[in-house]
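Below are two complexes that have subunit A in common, paired first with subunit B and then with subunit C.
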Partner chain A sequence: MRINLIGFGVIGKGFARALVRKRTWLREKYGFQPEVVSISDVTGTVVSEGGLDLEKTLSSVERTGRVIDCPGAEEMTGLEAIREVDADLVVEVTPTNVDTGEPGLSHMLTAMEAGKHVVTSNKGPLALEFKRLTETAKKNGVHLKFEASAGGAMPLINLANEILSGDEILSIKGILNGTTNYILTRMTKEGTGFESTLREAQELGIAETDPTYDISGSDTAAKLVILTNAIMGKNTTYRDVKIEGINRITPEAIALAKEDGYVIKLVGTVENGELEVAPKLVPMNHPLNVDGTLNVATFQTDLAGEITIVGTGAGAMETNSAILSDILSIFRNSRG
Partner chain B sequence: MRIGLDIELKDTPGQLVRALEPVSRLGGNIISIVHIREELTKKGRVPVHLTIDIENDGALERIIKELGERDIWVSKVGEVKKKERMKVILIGHVVDTDLRDTIDRLNEIPGILVADMALSMPNPQQETSALMDIEVSRPEKAKKAISELERIARDKGLAVIKSLGV
Partner chain C sequence: MRINLIGFGVIGKGFARALVRKRTWLREKYGFQPEVVSISDVTGTVVSEGGLDLEKTLSSVERTGRVIDCPGAEEMTGLEAIREVDADLVVEVTPTNVDTGEPGLSHMLTAMEAGKHVVTSNKGPLALEFKRLTETAKKNGVHLKFEASAGGAMPLINLANEILSGDEILSIKGILNGTTNYILTRMTKEGTGFESTLREAQELGIAETDPTYDISGSDTAAKLVILTNAIMGKNTTYRDVKIEGINRITPEAIALAKEDGYVIKLVGTVENGELEVAPKLVPMNHPLNVDGTLNVATFQTDLAGEITIVGTGAGAMETNSAILSDILSIFRNSRG
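Then we have the complex of A and B:
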């Protein structure tokens, strides 16, 4: 299988590293021999029709941080690479944008129109244009898979759609953002204020320099939309979600909750067609009460009752567990 | 369902046990017994108030019938509505934005009662956090209480933290 890799940040590099690490294992276990034929970032593209030497590309990008500085790189954009470099599948892992969905949206649409499968972790395009993307995939007879976009390593979409395919999923409740869960957990354990705990999380590299996207609830909302559409067959968008962030939570509120047997968690819920992201009082003995950067989601199903899954929501290797599983599923399907 | 039963016993030993026996035999779960020996009724009987959980009306009718056969008078029978409790936290200038008005606006809605409240005020300049315990007569009332609280919160610039599930 030939792959165009679009985006070479934390997730893109993690993908290359995962392939290097698992090359022999993938061949022996599945007879799967993926070749990355192009890697693009915002600076340019490096191409090798016969398959790139991923270790060499990784070490040369490590030095300067830019794909254009790799030997033989061209000033070719990701979009051009998708159009011009022959491949079966595009891995789209560029930075997400929940306002326009770009550049990921154009990458995905162009890839599918060119008959290429798409595997992505990019939330923005899916949260904004889910229907258009899935219809484009259908029209062009290709797969669009995005397990990595919601819940990181937790196999939520595949769990619901494959393993629980006989159940109707009635509601989803979850903690889908590790950064906010870390901040709230620390505030609960240490009794600290929001601002100082956020600074601590930034120093540890858990929160971004600009943490708005996480703490405002936007990231959770984008993931909730993807889960709702993919699992419950809806056509919602990011704009349908009622969103409330965690920036007004006080240590006193957390202490009052604690005295009464509750913790405060940022929870995304979809129930009776309503999508909401808000801090909620969660009973201490409830399965959604997970600590630190962990994520968790509970499905209410018609036959199986409640099913809860806990896991790591972010991180290069964890996200690539989901990306690799999507690619393997396409590989198995296309072999019949 | 939960039932409240006012019964009247003859003022002789062993009557209470005679009254309870058919209740438990017919599947009733006794929640509480209030037995005041000093306050006899005009007819010289001992009033007892029972609260029981029971499966259905049929079982209740059989219990009342058996009590009658044992010369235990049933003076009042009624379903006890179980109240739902819901916790909510408000953050902001909860007191300065007329706390009395916030509580009144909730209490004005039939079936909703602010039953308890705990406040935490770090200092007068900073925002106050308040844990509110709201009693609702039916689960649907919880939604009503929340939407009114959200309206109040918008008017007064407060943040609302709801319980999971409402």
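Then we have the complex of A and C:
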């Protein structure tokens, strides 16, 4: 399998590292020998029709931070690489944008129209143009897989659609953002206020310098839209979600909840066709009550009752667990 | 797809009920129209080459408790039904036996040798003769699926093997028995002793009249063996597990653990090739700390870190979620 890798930040580099680390294992266990034939970032593209030496590319980009500085790199955009460098599959891991979906949206559409499968962790295009993307995949007879876009290492979409296939998923409730869960966990344990806890999280590198996207609930909402569409077969967008963030939660509210055996968590919920992101009371002994940066989701099903899955919501290796599993599933499908 | 149903107790009846309830959904969603052509219990077999009326069979067995009392039933054993009644797949849900594996073992081997797929919830045969069973499946070109045998509704095996396919599973830790988890949860909350809490659980119907199989750790051990073999590709048996039950746990030990932020849980662990079932200290805020009759398992993986799944460990409908998903996976594979 020949791969165009589009995006070479934390996730893209993690993908290259995972392939290096697991090269032998993948060959021995699955007979799977992927070759990355191009790597693009916003500065340019490096191409090798026979497959790039990923260790060399990684170490050369680590020195300067830019793909264009690699030996032999060209001023070719990601879009051009998708059009011009022959491959079977595009891994799209450019920075996400929930307003326009670009540049990921164009990358994915162009790839699929060129008959290439797409595996992505990029939330924006999926939260905005889910139907257009899945229909383009169908029309061109290619796979579009995006497990990594919602819930990091938690394999929620494949779990619901492939493994719990005998069950109808009636509702989904999830803590889908590690930053807000970390802040709420600290506020609960330490009795501290929102602003000071946010600053602490920023100092630790857990919250971004501009934390709006996380604490407003937008990130959770984008993920909820993807889960709803992929698992429940809906066609919702980011704009359908009722969103409330965590910035107005007080230590007093948390203390009151605690007295009654509850914790306050930022929960994304889809139930009876309604999508909502808001702080919710969660019983302390419920599986949804997970601490720190952990993510969690509970499916209410018709046969299995409640199934909950807990995992790391972010991180380069964790996200690449989902990307690699998606690629392997395409590999196995195309061989079968 | 034509099915021989072998075993018509709680799980077998639940299977028939699930098919009745989901008949339309299965046809509309997957184009799947299974027919149960025979149902056997220890008293006899009822056969209909064109597919049994499951509602009628259920209501007639509910009156007398025996398949032999159904109109048209014959004194045919399950083994004979597998041999003589034409079908594609056998659902084997007879009572489990971890000493001999019978009658499940013979049912499964005979079915596969006759070219029939097998889906089962029966732990005993798998915990004793895993290799023989999987090799028989391979030799005869049929599927043997047993998600329901370990962890009830939690889809552990399919999750690890199909969804986390890019990850290596380094260790498994699980609370795989609802009865013992219920007893330990009550002892922790109420400060009660083992014997009185066991009696309470028996009065509530959560513990069996003879609770030895659960509280000794044997049930957990059988499930651990199945998970180890199926997920890690090993060939262990029940006899390889170091087992300690929960009967010697005191309220004092639980209180001491609590002071340090831990709970005591009966945990099955496979790590570095060693299988163990024993009471363990679990940090209170760890996802493994689930209450009541819930089951849970944590996979330590090389890419995704820790992935935890929580679900109902037992129950007729919950177990049939796993059975139905296994059947659907065979259905989709055989169509593809």
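In this text, the second predicted complex is superposed on the first by the 336 of 336 C-alpha atoms of A that agree within 3 Å, B and C clash if a C-alpha of one lies under 4 Å from a C-alpha of the other, contacts with A are read in each partner's own complex, and residues count from 1 in each chain.
Going forward, contacts are C-beta pairs under 8 Å (C-beta built on N, C-alpha and C of every residue); 3 or more make two chains touch, one makes a residue touch a chain.
Note that the structure is a prediction, hence the values are computed from the model and not measured.
Taking subunit A as the reference chain, the count of touched residues is higher for C when subunit B and subunit C are set side by side.
Residue contacts after overlaying the shared chain place A:I249 against subunit B, while subunit C stays out of touching range.
By the touch criterion defined above, A:S325 reaches subunit C but does not reach subunit B.
Contacts of A:I215 after superposition on the shared chain: neither subunit B nor subunit C is touched. Of the two partner chains placed around the shared chain by superposition, subunit B is the only one that A:P279 touches, whereas subunit C remains out of contact.
When the two complexes are overlaid on their common chain A, residue A:K173 makes contact with subunit B while staying clear of subunit C.
Of the two partner chains, subunit B is the only one touched by A:Y262; subunit C is not.
Of the two partner chains, subunit C is the only one touched by A:G315; subunit B is not.
No residue of subunit A contacts both subunit B in one complex and subunit C in the other.
Of all residues in subunit B, only 87-89, 91-92, 118, 120-122, 126-131, 159, 161-164 touch subunit A in the complex they form. Those residues of subunit C whose C-beta lies close enough to touch subunit A in the complex are 18, 22, 25-26, 30, 153-155, 158-159, 162-168, 285, 287, 290-291, 294, 296, 301-312, 315, 317-318, 320-325, 327-329, 332, 336.
Those residues of subunit A that touch subunit B in the complex are listed here as 173, 244, 248-250, 252-253, 255-257, 259-260, 262, 264, 267, 278-283, 286, 288.
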